[in-house]
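Take a look at these structures.
In the two complexes that follow, chain A is the common piece, with chain B as its partner first and chain C second.
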Partner chain A sequence: MDIFIQQILNGLSIASVITLIAIGVTLIFGLTGIINFAHGEFLMIGGIVTWLAVSAGLGFPIAVMLSILAVGLMGYVLERGLFRFTLERPTNGFIVSLGLIVVLQHVVVLFWNPNQKSIPRPLTTVWEIAGVRIASVRVMVILITIAVVALSFRMITASRYGRALRASVEDRDTAALMGIPVRRYITGVFVLGSALAGLGGALLIALFPITPFTGGTMVMKGFAVALIGGLGNIYGAVAAGLILGIVEGFSAGYGFSQWTDAYSFVLMILVLIVRPHGLFGGTSGPRMAS
Partner chain B sequence: MIWSREDLKLKTVLKLAASAALCLGALAHPAWAEDNIVKIGVVAAESGSFVSAGHTLPAGVGLAVKQINDAGGFKVGGKTYKLEMVKRDDRTDIATAIAATQELVRDVKVQAIFGSETHDFTLAMAKITQPAKIIHFAGNSTLAKILNPDSVKPGGEDHYLFQSEPQEFQRSGSTARGVLSLLEPLLGFKPRKSVMIVGNDATGQFLSSYYYKALKAEGQDVPDIIFYPPDTTDFSPFLTRAKSLNPDIIHFWYNGDSTLTALPQALELGAAKSYFLFGVDPGIWKEKQLSADVPVAMSCVPVCWGESSNPKAKAYFEAYFAAGAPHGVTSSVSLLYHDYVHFLVEAWQKADSFDPDKTVEALLSLHHQGVVSDDLTFNPTHQVTHATEVCAAAPGGAISCAMQQPPAEAPKS
Partner chain C sequence: MNAGSALKPLRSLLPVLVILALIALVPLFSPSNRFLSLAISAGINVIALYGLSVLFGQTGILSMGHAALVGVSAYAAAILARDFGVGFWVALPVAAVASAIFAMIVGVPSLRVGGHHFVIMTFAFGQLLAIVLTNGGDYTGAATGLDIAGPVTLFGADVTELTRYYLMVVAFVTVAAVASWAIIHSSYGRTLRAIRENEKLAASLGINVGRHKIGAFVVSGVFAGVSGVLLAYFLGHISPSQFSSFPSIYLALMVMIGGARLIEGPLAGGILVAFLPEVLNLDPVQSRIVYGICLIAVIMLLPDGLIGGIVRALRGLFAGKAKQEAERDAAPSEARR
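On to the complex of A and B.
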């Protein structure tokens, strides 16, 4: 029984990391139409900034803030300098993001070598309850994810900014005629999604070592969760993240462990065939002005 | 033909430009450069998931090239030659590795190729190097799948291919024996049950099949081999599964980066009474200030840089790191290549020729003094034999290492 409960906790922990990535993906892809496959590299940069800050003697909370700011700023520069020119042609944006993957990976390799980077665990306590071990650092990540999800959900559904954003997803031209600064909102969403990647990277390196190539696998799962949950649907991303986390945890624990990743993507394919807008409904991405 | 004044001016400018280009070319390439340079190629993962082992190849080969050139080069046929390393990043991608090999063989016209360290890539690369009669060294034991008396004979498919790592039954055998003998006194009892956690790729499947037999040959009960997808970061479900089997030792194979990711999670979960980390150098253990409340064994491929019992290794790694190579989990993999650049040059000198057939003959007849061993030789199927170093960190932090000789024969399955 303790092993079973441990696997449920493992699944929750996996879900929290995937959900954090998926929220960034679902916001950017679902609300702006930008297919940023370099989102995983944004996450990796967040981890590297945290590593640099902690290595320089700064505390973990300050390092997290620096990561959020640095990756948010990077997102601003890249959206203004690159992605804004691809808004009318999302495929171009997709190709640009593929190029960015290689560029960002190699910039990190150039300056900080390709080896693994890690930081001392910010929380080291491990609780043992009835044979189940719970690492405090994992609890921290789960709690931060819950807070981020709640804030993002409120911002999108209840704030004036969120309502305007959803209106611009429905019809950009009409939203613009109503005085909504659509382009500025796109930049805002991109910066927010990037900042979340910065936070995700900081939390990721608190859990696991990272390399300049960590982003690739993470972003694939992020996209899978965003698509299963429904693009732009934060609630859907959380639910899909949970489903995927539990599926991964249990398949590794009780099934054919080598197929753990395959289960996620088979699930994504099935959902997209049966429910093209995801399990919980989502956008098809913004309709572009002709 | 009547030349206008403008045409003549243009001709003069072109002549001057051509002369300048020739002069610059002559300055850039000294007289000996064109004829007396021997190019050797390296194909390695300098990016991608296999980077921690991959980047050691150009570093090891590059160091050997520098040592040979700094010593004045080498003489073949009465002429002195120097080496030039031409390296290509395969990005841990087999198509890139194949394209890079084609370029090095057909365009750069290298005399020999080193790499790739990624097992199935080498098999694909050999399909290009062997028909082109290029001497090819690779430090991966899966080559045993294709190196046999028929394939390596003159005119055979893989006559010019050499495996610079011991056969897998030897490496697995010496590793298993070393791990068990070092962990037993630290555990205070004889370990009996082992679980293996292995990266699920061609390399992992190949290596684990041998290591499983080696553990069984040492009397271990191995109830499960748990495979994980490459690039896994959260190992907790796999480790929980291993924990449910109550093992004395969890053996992590084979990617050092993945292993270092998994170990802290294993310690948090209390998954086993002790651990073995394949391909993790004690140097990294110390540098990262790792610690564990249970004994942890480590093995190096083939000799450790952090705490070696091999006296030659210390000088080698000082030079290796002084040349700018980063301290890596598997920096020692460079030794599967460094020694063989020297070995190859010795063979060219003995053959007094770059002819590939004469070079193979010389390689098979030589006993080379390398860092890994004082007596490196290739057997008739082009494979080497040497010891593997295994270390163990006690819960208090003290690390002890020992060179483990390989078994003479493969265990009977």
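On to the complex of A and C.
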């Protein structure tokens, strides 16, 4: 039983990071139709920024802030400089993101070598409750994610900006006709998605060491989650993130750890075959793209 | 149909054949072994790229798991050699068929899902294959991979030696180029282009879109299969990481840098990507950064790839009739959807 709870906790902490990527992925796709594979690299850069900041003697909370800011800024620059020009042809946006993967990974390798990077755990306390060992750092990751996801939800469902955003995801042209500055929302979503990836990277390096190539597998999991939940559907992404995290946690705990990475892909392929729009239904991208 | 229009397709093949003939003459200048190895790996990539150009350039669907198709045949060749003592020439068709079958297994569910998701599905299948190969125990040699021994002979002569292997790869590249040219100029190629330009319209004309897309994927699988066998016998050792998703990205990158629609494109892309680091004297890390920047620049500035861009610029110099041609042959939008 204690292993069971521990595995759920481990799974949830991984799920948190994946969910943070998946929200960015799903929002960007919903609004622009761009499959941004480079999102995992945004996460990796977030981890690297955190590592640099902590190595420079800054505290973890400040490092997290810096990472969110830096990656958010990067998202802004990349949207303004590159993705803005691919809005008419989302496939080109996807190809640009492939180029970015290669560039970002190797720029990091060039400056900070390809080895694993880790920071000392920001919280070292391990609670022991009825024989269950609970690492506080994992609880912290889960709580931060819950808070951020809840905040994003609130923003998207309750504020008028969120309503305008949802309208733009639903139908970009009509939304523009209603006076919603869709282009500005696209930039905003890139920045928000990148900032979430920055946070995800900071949380990830608090849990595990990362390498410049961590982004590749993480973005696939993020996409798996976004697709399982239905692209463009944030609720779906969160729910699917939970499912995947728990599945991965269990498989690691019960002796199939070498197959852990395969689950997200198998799950995604199965879901797409049975329900091409994901378990919870999604959009098939902006209509004007067709 | 007059003689001029019948000759036209042949004219488009000619430059490639001339270039390949020149490439085949390279050993006369006694190049270094390093040069030959680079050229051989470039050539092996080019074969797979010709398949990818049928898929992406003609049909308009992009596979991000193409290295997996190469990997299936490389592993098939290695396992055939180990367990059944099968040599190169028997392994070649068998492994190519294995790749084609794998392409079908991946293609049927992936294309059913359609559109944007196809790219992600092929990427996921590529990753899955690497995981399966890594966890395959002794049968697939796990993370270390498999060795493949045994000389390649042709008409009783050993072609394992570098120069001879080089010439054989050039011959295979020529076959691949001619095959891809034949597909482009057949009615089948026209059907594929109809699907690329407007899927719904093609379907309304009675074209079975799904089946043709899977067909194109299977055809590209055969190209990848041939390239996989050549790769396995050239390297003598294969491992899962060579066929995971990132090699697939590099394949897609090469075909896009060269330009997927023109017959010169794959050749140019493969050679450029292989020799760029040598020419600019870059280490692998720097050269990958340069590739990435090239890819982004090509997509943003020259959607038809480098060769497409050059051809368009040249044709722009001869206005009038030539301009119409340029518009038809190198339609400006690489991807409408």
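One rule holds in what follows: the second predicted complex is superposed on the first by the 285 of 290 C-alpha atoms of A that agree within 3 Å, B and C clash if a C-alpha of one lies under 4 Å from a C-alpha of the other, contacts with A are read in each partner's own complex, and residues count from 1 in each chain.
By our rule, a contact is a pair of C-beta atoms (placed from the backbone, for glycine too) under 8 Å apart; a residue touches a chain by one contact, two chains touch by 3 or more.
Note that the structure is predicted; figures quoted are calculated from it, not measured.
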Task: Superposed partners chain B and chain C on chain A - clash or fit - done: clash
TODO: Could you say whether A:S118 touches chain B, chain C, both of them, or neither, answering first, second, both or neither?
DONE: first
TODO: Considering only the touch criterion stated at the top, classify A:G216 as touching first (chain B), second (chain C), both, or neither.
DONE: both
Task: Partner chain(s) touched by A:Q6 [first = chain B, second = chain C, both, neither] - done: first
TODO: Applying the touch criterion given at the start, work out whether A:T91 contacts chain B, chain C, both or neither, answering first, second, both or neither.
DONE: second
Open item on the list: With both complexes superposed on chain A, which partner does A:D171 reach: first (chain B), second (chain C), both or neither?
Closed with: neither
Open item on the list: Once chain A of both complexes is superposed, is A:I269 in touch with chain B (first), chain C (second), both, or neither?
Closed with: second
Open item on the list: Going by the contact rule set out at the top, does A:V126 touch chain B (first), chain C (second), both, or neither?
Closed with: first
Open item on the list: For A:V107 in the superposed arrangement: first (chain B), second (chain C), both or neither?
Closed with: second
Task: Overlapping contact positions on chain A, where the chain C interface meets the chain B interface - done: 105-106, 109, 216-217, 258-259, 261-262
TODO: Would you mind writing out the residues of chain A in touch with chain C in their complex?
DONE: 29, 33, 35, 82, 85-86, 89-92, 94-96, 98-103, 105-107, 109-110, 216-217, 220, 223-224, 227, 231, 258-259, 261-262, 265-266, 268-269, 272-273, 276, 284-285, 289-290
Open item on the list: Applying the document's contact rule, which stretches of chain A touch chain B when the two form their complex?
Closed with: 3, 6-7, 10-11, 13-14, 17, 105-106, 109, 113-116, 118, 121, 126, 128, 133, 135, 204, 207-209, 211-214, 216-218, 248-254, 257-262
Open item on the list: So in the complex, the part of chain B that touches chain A is made up of which residues?
Closed with: 46-49, 51-52, 55, 200, 226-229, 231-234, 236-238, 240-241, 243-244, 257, 260-261, 264-265, 268-270, 288, 326-329
Task: chain C residues touching chain A - in the complex, by the definition given at the top - done: 62, 109, 112-117, 119-121, 123-125, 127-128, 131-132, 134-135, 245-246, 249, 252-253, 256, 285-286, 288-289, 291-296, 299-300, 303, 333-337
